[in-house]
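Reviewing the structure listed below.
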Amino acid sequence: MNNPDLSVNIGGIEFKNPVLTASGTFGYGEEYSDYVDLNRLGGIVVKGLSLEPYEGNPPPRIVETPAGMLNSIGLQNIGLNAFITEKMPFLRRYDTRVIVNFFGMTIKQYSEFATKISDVDGVAGLEMNISCPNLDKGGMIFGVDPRLTYKVASAVRKATTLPLIVKLSPNVTDITVIARAAADAGADAVSLINTLLGMAIDIDSRRPKLANITGGLSGPAIRPVALRIVWEAAKTVDLPVIGIGGIMTANDAIEFMIAGAHAVQVGTASFVDPDASIKIVDGIEKYCRDKDLTGVEELVGSLRT
Amino acid sequence: MNNPDLSVNIGGIEFKNPVLTASGTFGYGEEYSDYVDLNRLGGIVVKGLSLEPYEGNPPPRIVETPAGMLNSIGLQNIGLNAFITEKMPFLRRYDTRVIVNFFGMTIKQYSEFATKISDVDGVAGLEMNISCPNLDKGGMIFGVDPRLTYKVASAVRKATTLPLIVKLSPNVTDITVIARAAADAGADAVSLINTLLGMAIDIDSRRPKLANITGGLSGPAIRPVALRIVWEAAKTVDLPVIGIGGIMTANDAIEFMIAGAHAVQVGTASFVDPDASIKIVDGIEKYCRDKDLTGVEELVGSLRT
Amino acid sequence: MQISGKILYNKELSPDYFRMRIGFQDVVKDIIPGQFIMIRVGDTHDPLLRRPMGIHKVVEDGKGIEILYQVVGKGTFLMSEMRRGDRIDLLGPLGNGFKIDHDMERAIIVAGGIGIAPMMALIEEIKRQGAGEKGQKTKIKVFIGGKTRRDILCVDDLKGLGADVYIATEDGSLGYKGVVTDLLKESITEKDSGFTMFSCGPNAMLKSTTDIALRYNIPCQISLDKRMACGVGACLSCVVKVESLSPTPISYSPYKCVCTDGPVFNAVEIVW
Amino acid sequence: MQISGKILYNKELSPDYFRMRIGFQDVVKDIIPGQFIMIRVGDTHDPLLRRPMGIHKVVEDGKGIEILYQVVGKGTFLMSEMRRGDRIDLLGPLGNGFKIDHDMERAIIVAGGIGIAPMMALIEEIKRQGAGEKGQKTKIKVFIGGKTRRDILCVDDLKGLGADVYIATEDGSLGYKGVVTDLLKESITEKDSGFTMFSCGPNAMLKSTTDIALRYNIPCQISLDKRMACGVGACLSCVVKVESLSPTPISYSPYKCVCTDGPVFNAVEIVW
């Protein structure tokens, strides 16, 4: 019986396996450390950070939907400094890759964050979230406009030598132009998808169920859409792609890899089953073994159309 | 006890209630006539038609997904002539509004269809589906480009005096620009959403589960996204909006009306329960009565934000 | 018809195979063997769609039916959890069943695995309609195949109906070792050409069966299995490519719907 | 901790109210009243998320627990269908429970509807820890309210623990007619200021209770109910706005997580 090689290299980061936890769904790692052996994860993408602490949206912040959930957390986070002093020491104790997810409201905030995080010991790479409103542009979302995507990604690229993953929004007509803009700006990888924009209404009060009116849809409901977008992006750009969206089981993860993802992130599934990511690692290994693959890289983009 | 007025007027079409069956999910009405009293429906939107019969995509054409389904029927239909001679006589026997959903591969095909259907007795209105590839533009989808949307809708507008509903695709960055283009072209209403583009892979064979590779996602999974898009469109254009997407129950339908829809279409729900649309009519009536509304129009756009 | 039936029993016959008996309030008339029902497996949206199931047996002239099913995924798992007394929501009877010649004298039935399900109803109907009083003159040979002996169902019932039963298992754990169509090929000869053939099972088996039928020029009806959403001809999910035997009615399409034009087809019609 | 428990019983107490007893393989130590668990209600993705449920009772020093729940939607309906012997997957014990003063002499408990659920565990713990040997000196008054008599649960159990029980129903079908906080307002006087108050129930009730506690300067702990996704502080769904009592640790946010900072809070902390 062969021992399949689960490791993947993405933009110079060597992951022991292709399963990462998705930003915002796994806190800063610590929250789940009683439930999950963090050492077994390919990587942890921490809750989205900003230069300063950020208070997020008022509650209610979540609604369950059929096979999914809407969230409007609004990027609440403790800020860069608290992260470095309170959270990184804990994370450094583990043998897993720490990816810092971050955002800004201006291009300057993005690049400043990237500069400041670059010296921090134990950070394997950055994932920039461009699904947030751009204050300079009257609240338009960075990630839906290829020029803005290019601009902000270029600025971050100049600010850091850390491997740079750009996390893309699915709420666009054509993911390939956005993915290309990220590639042109010098990103090392793209990760996708972030949540789909959605909404729910309480018909008794006739009010939105989320205080913020709209929120991001995640969970198995969005998987077919995520898979299609990942496939489109992977066909288009020459960068490694990280697949995200509704991945609950190893089978789901394998679908994304066959569609072209080099790695996956597990989000909402951790709420349902804290151990989901570990089960996915085990399931991928079993699949490779059953199919007699020497390693997961053989799977990547192997879709037969 | 008051008797709420369920009727709605959309672009001059008087519907006895705001519940229509969605195109492609209710055949030509006949298929469900043993299960549903068609007279109780606000309207029937027939399977998308083209000038000539159209064979659609090879099977497999559907996959079930969490709380949803993907389809790649590919617009198989019997063509305009067969519809007029074989299906319309049946539909004319019922006291419900018949809306003809149609598509073309060129602008000329669209306007020709509209011209030809205009004399047909018993057709209350047209719903043009612009989510299909445009042969003149190398397969680009009409409905994702505001200029193309405007162009094709204008051409149809000139070709017919029948009430014209433009059915919009959700696979766009900004629905409001597309909805405005339809309004500018002289549409009487917009209906939305059509399906979200998705995909699924069989991990054993590493082949797509649909012969066509990608397909359209429908069902409750997409409801939060549909509701958000309907809300955005209804806020933006001065036309009546018909809400579609994952509506399974009266509560769901009421959410869409509160968000700004004048009417709704029930799609995938009919597969699960042929009677779903009738239960929705009854449920809306009960809600209006319980809430002491004089009619459903009071609900439309009554969201309190 | 949409029917709210009541589960009279739901029992495991062999690992993962269940037989469920459903009782109706009112008698359902004129059920034809080969027809199917669409079952709602629960109130949840996951799984979302109804599941198609062949009618295995008509109980007391339509006061109920039996289905025979294999647990293969979420939907059939939920079915297996249903209990006596539970209500079950179904659409049916749907589709076109098998066509039985009034004085058919000989029938060959070829079934793979759970494909035996609709064949019981067929055989009972042949017994009722076939040649001779009570169809006793109709000779019935049943070829039944599966992976292992555990996939071979209903043998006693078949024998009880007077059928000759030929069994094949891929692992040889029961009967002939190999696929059932190889057994069929070995057993059939030119003189069998007076037979009518009926078949239900996996696609590959149906194709081989069709090839054999064509070779010996035996009329053959096969029951197809396609993913379905509506079951009533409205969604066009379940299509199969057909040869245009009859020109006009389907001239606009090379496809037929398994749910309404089938599930039983004349084997020669299908484009594999 | 993620625990696979076994359902020992699951019975309906009054329409839509159930009590479930869950047994554990290993003893779960140090469960604090007011803590909760996150229950997985099924394998389907609809409903998707776990359901938070207060710990109603600790059984045999941690060999199991009981929960008391009301069927209000899909998830609790699925719970009500679970049967003795079924496995149930839960996370817990989670959150911060009630703080009990070692020699607390008098306690007022205010519960609305299903809000009584965690209060049983609290009272039992008070009995264990309160003033006097076996807490018998701790005087416990329980104010319990509901829409109708059918929403008033556990009265006999409460009396069995020696508590004075005051009942209010909105329709007057049992006890005082009106909301429980009005009954509380009428019953409470300045001299009650030696009490500690504990409350769980709908938001409006908690707010009124807090107002009363503030007026009479009675220390008050309330257990909040917010929609949750993770239950472990990772997702930030369950936040509640708080006054900054202590400056530094939460200086970056006006919010606290109900799942990890609560569900029990000092009432004065909450911004309503």
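Worth a mention:
Chains here go by letter, A, B, C and D, matching the order in which they are written, and residues are numbered from 1 within each.
Note that in this section contacts are C-beta pairs under 8 Å (C-beta built on N, C-alpha and C of every residue); 3 or more make two chains touch, one makes a residue touch a chain.
This is a predicted model, so every value here is computed, not measured.
The set of chains in contact with chain A as well as chain C comprises B, D. Using the mean of the Cα atoms as each chain's centre, the chain most removed from chain B is D.
Rounded to whole angstrom, the centroid-to-centroid distance between chain B and chain C, based on C-alpha atoms, equals 36 Å.
Centroids built from CA atoms put chain D at 55 Å from chain C. Look at where the CA atoms of chain A average out and do the same for chain B: the two points lie 34 Å apart.
Within chain D, residues 45-47 each touch two or more of the remaining chains. For chain B, residues touching at least two other chains, in rising order: 63, 66-68, 219-221. If you sketch which chains touch which, every chain touches every other chain without exception. Those residues of chain D that touch chain C in the complex are listed here as 42, 44-47, 74.
Against chain A, the residues of chain D that register as touching in their complex are 1-2, 40, 45-50, 89, 91, 226-241, 251-255, 260. Within the complex, the chain B residues that touch chain D are 66-67, 220.
Interface of chain C with chain A (complex): residues 45-46.
Taken in their complex, chain A has these residues touching chain B: 63, 65-68, 70, 144, 171-174, 196-201, 203, 205-208, 213-214, 217, 219-225, 227-228, 231, 246, 251, 254-255, 258-259, 287, 302-305.
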